[in-house]
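Just passing along the structure, written as structure tokens.
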Amino acid sequence: MSDPAPGLRPSYVLTLSCPNRPGIVAAISQALFELGGDIAGAQQFDERESRIFFMRVVFSVPAGGVERAMLGQALAALAARFDMQWSLRESLRPTRTVIMVSRFDHCLVDLLYRWRIGELAIAPVAIIANHPRETYAHIDLDGIPFHYLPVTAATKEAQEARMAEIVHGTGAELVVLARYMQILSDSMSAWLAGRCINIHHSFLPGFKGAKPYHQAFARGVKLIGATAHFVTPDLDEGPIIEQDVERITHADTPDDLIRKGRDIERRVLARAVRYFTECRVIPNGRKTIVFNP
Amino acid sequence: MSDPAPGLRPSYVLTLSCPNRPGIVAAISQALFELGGDIAGAQQFDERESRIFFMRVVFSVPAGGVERAMLGQALAALAARFDMQWSLRESLRPTRTVIMVSRFDHCLVDLLYRWRIGELAIAPVAIIANHPRETYAHIDLDGIPFHYLPVTAATKEAQEARMAEIVHGTGAELVVLARYMQILSDSMSAWLAGRCINIHHSFLPGFKGAKPYHQAFARGVKLIGATAHFVTPDLDEGPIIEQDVERITHADTPDDLIRKGRDIERRVLARAVRYFTECRVIPNGRKTIVFNP
Amino acid sequence: MSDPAPGLRPSYVLTLSCPNRPGIVAAISQALFELGGDIAGAQQFDERESRIFFMRVVFSVPAGGVERAMLGQALAALAARFDMQWSLRESLRPTRTVIMVSRFDHCLVDLLYRWRIGELAIAPVAIIANHPRETYAHIDLDGIPFHYLPVTAATKEAQEARMAEIVHGTGAELVVLARYMQILSDSMSAWLAGRCINIHHSFLPGFKGAKPYHQAFARGVKLIGATAHFVTPDLDEGPIIEQDVERITHADTPDDLIRKGRDIERRVLARAVRYFTECRVIPNGRKTIVFNP
Amino acid sequence: MSDPAPGLRPSYVLTLSCPNRPGIVAAISQALFELGGDIAGAQQFDERESRIFFMRVVFSVPAGGVERAMLGQALAALAARFDMQWSLRESLRPTRTVIMVSRFDHCLVDLLYRWRIGELAIAPVAIIANHPRETYAHIDLDGIPFHYLPVTAATKEAQEARMAEIVHGTGAELVVLARYMQILSDSMSAWLAGRCINIHHSFLPGFKGAKPYHQAFARGVKLIGATAHFVTPDLDEGPIIEQDVERITHADTPDDLIRKGRDIERRVLARAVRYFTECRVIPNGRKTIVFNP
């Protein structure tokens, strides 16, 4: 679906889900039409088992046209009628994002580069690392606040409280675990539900747990992969957003797997973050809807 | 988009295109709703340059509900209002298909297998070959009429007339050139516009013309591909529906390329035919819209 | 590596493994040179952990040159010196193959097609099915003996004895489980070790056990795959020969996964069988060496 | 093929080509064995048309063993006997590399990152840009000399003379055109033959010339790609080292193609540079041999 070209007209992305029944599309498109909205693209999905209907609509309103508040009012009325969960977002406003990282910085570097050249519509509001600033000496953080929060069993609770403060204080909409190797507590995971994306260095559900590339080497698979997923208290079981793989051979050492894996990880994570910023991802129980471009 | 599960309720696919302006989606979804239609999936595309709007809607109506004729009337009224090209198709009715083939039968065999196991919603109404029936001795044609129409410069016009008779007489909706190696005349190509799919054994626009695998070998490319496209009088320039590639190395001989190519050709052609039968492909000038599943 | 063009000169593939130490390559290439052998291609792999050296050599000898028996003698002498496992095979002789199948015949049909057009250097010496011949009514078996061996708990031992007789009696070098859905007994698996390839309809080690596509659907993965592996008594844990994947989306139903899976299964199995017939696969404990073309 | 683990023992990569005839492998492996060499991996290719034989051998000699000069002497003797082109390189010494860049810096940033973390065995000895240092303000060049050499029709000859000085003065073994958008003169291209790699932002031979992504958009292809090739005076016709592709749809704008293209370009170029540094690439007329890992 093509999004509207950046222009002067305010553009929105509406995402919604509700029990399926006839007339939803008609009601929404009619309401938007009456408010002066011009639908540039729409995607929908009818989950057969649960009979839940999911929809994403990109639309614009004329400059000087209906205010956001009025849009909200109209949508609230529809929501009441159709028992609808919904979210409305200005499509050109970057997503306020906290990036968390450990020693390996390839995903961090990649995300920052994509942000810098305008490819990824994030606004990085904080970087949280369990390694000190010197670890990332070669990276130009460009003024993004950097927080060194080392974690031990003893300090975990306190440090997570500080993380939560940062997330809250910055108004972050998204937390990206960009190869952040500490496991978040259940309560932290639950608090961040639906807005925290992790990159796992395996093709889940294969090779859960520690050292997945070494596991893959030991098992002798012929493809390795990476998985971007929402973080949940149930480790390595969060809803999968994106996955990809690369071919390996018997001659690849664990170090080769780690090297090839870096490339997969950074492109899988970048895609997942992109889908999130474009409101293409809707959690659906253990799974996700991804309205691909 | 999920299509409705096969059931007793008549299901339809509506495809349309028209100049873009606000209100199209609302008008269509409202009309379908009023006729008792339940939209199971919809996809749309707004071509920015031409300002043409394309849409595909899958919907069902209750058993015993509105008749097809009434649906047609309602759509005709909308078409007049929005200057709309449209097509309505029962989604469960197989596409009447003529398959044309030359000596290499891997695509023919593949299409027939997918048809036999119910994977591909075609109804093969004729096979046309410029080689005799014995060439395909191992294939169980299962009663599909086989027409041996050898072509020479002298007989081309007459044989194309017979092809046209077969297409016309069988009510074929689709003609598939499944490695049919004769070039259709301009008038035949024009007559079949938008309903004739060819599989080209190269990754177009590279390696047009004869012996593409030998060309690829000579050039030393590292990937080869195949292209399914609509046939037009402009040879190898028809709108592309689907393409795919496989990796090759310096050690692959032209014969290796031909072997790997067979696999690419048959899966690319099968996908293109599938997209056509599901009304996912809409020609758009030199290009196509493909509303991917 | 390029294999020699088919010609009148006898061509061989030598595969070997032995504890690594300096001088192996020199000794082998010198021995072959002295016997008049012309090396067309060679591949080797030095397994670092076990310090085992693996090698595959394709060579030809002049027509009327050294006999196979003398080659064997020379290699036996080298084997004694280097503590070497080895195997010598005429590269143009097709591999005598038993294909076993259950109800779904897409892999069987695919293997037979590739054999018929000369793409796959197998000689199918028997087909064993636990469904009767009528199940495969549309397939031209071209005189390949068909054995209907239905299996129940009560008859399993007796039927496996008959399978073993068929394998033995036909001189089969390879048994292919082409979606054969009965689990072989431990003793049968052990007896077929290193010469029985199974296609598993999942991207192992994910989704072991029954109904892998339904498992994949339930988990919400974004890619599905298939795995060709040697059969071992340890179910779904045999050495992996080849794997591949395809992308799926939230909109794909279990039936869509099964359909996409068929394409992956048949190409993965065909590749694995091809590698086997070309002596490219060497089991290495839980893993395999695959000297890719 | 597995290269030797970095250790104290001097390791070498020998690459060679010569007219094919029996006994080459035996002679080389025997010579290396007699000098105390331990072959860790070898790959060979027999070009059937030209009857040229290509080989790559990775071997190590014991610490304190034979000197490089003596190795050279032995190889020179073999070269005379077999009419052999050859090259011997210490496998652990990084390749002295000049990187040239224009405004788009994604390939430069990527190469420098891979170098910094030790993934790519290059030693960047100079960066040459036709844009000033400020253009790359966010990049930490880490002391790599930066040369601003803007090029106009009038200054081209003089600037190329300076480039040549830099290449010569730094002892560069490799020049990488990392999206350097100026066309090198024929004489410069010829002078750099076999040691200058360009990344072309199309899947050659499709879409030669300017603005390939716009060409791809106009043609409506379903996959776009990038090509790393050796630079020759014949523009866009140099021997191809590596290519890759990504899927696009009708909904992708030229800007989307450019974005997706950046990812393809950087991974294709990084692979090509890696292959070069590991002596895996041997030019072969219009084509290349790439002894893949």
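A, B, C and D are the chain letters, set down in written order, and residue numbers restart from 1 in every chain.
As a convention for this text, a contact is a pair of C-beta atoms (placed from the backbone, for glycine too) under 8 Å apart; a residue touches a chain by one contact, two chains touch by 3 or more.
Here's who's who by UniProt: A, B, C, D = Formyltetrahydrofolate deformylase.
Just so you know, these numbers come straight off a predicted model, no measurement behind them.
*Asks:* Measuring between Cα centroids, which chain is at the maximum distance from chain C?
*Replies:* The most remote chain is A.
*Asks:* Taking each chain's centre as the mean position of its Cα atoms, how many Å separate chain C from chain D?
*Replies:* Chain centroid spacing, chain C to chain D, equals 36 Å.
*Asks:* I'd like the Å distance between the centres of chain B and chain D, where a centre is the mean of that chain's Cα atoms.
*Replies:* 42
*Asks:* In chain A, which residues are in touch with two or more of the other chains?
*Replies:* Chain A, residues with two or more chain partners: 1-2, 45, 48, 249, 251, 253.
*Asks:* What topology does the chain touch graph have (line, ring, star, complete, other)?
*Replies:* Shape = complete; every chain linked to every other.
*Asks:* In their shared complex, at which residues does chain A touch chain C?
*Replies:* Against chain C, the touching part of chain A is residues 45, 48, 203-207, 218-223, 225, 239-245, 249-251, 253, 284, 286-290, 292.
*Asks:* Contact residues on chain B for chain C in the complex?
*Replies:* Listed in rising order, the residues of chain B that touch chain C are 1-2, 41, 106, 109, 113, 116-117, 119, 138-140, 142, 249, 251-253, 256, 259, 262-263, 267, 293.
*Asks:* Considering only the defined contacts, which chain A positions touch chain B in the complex?
*Replies:* 1-2, 5, 22-26, 29-30, 32-33, 36-46, 48
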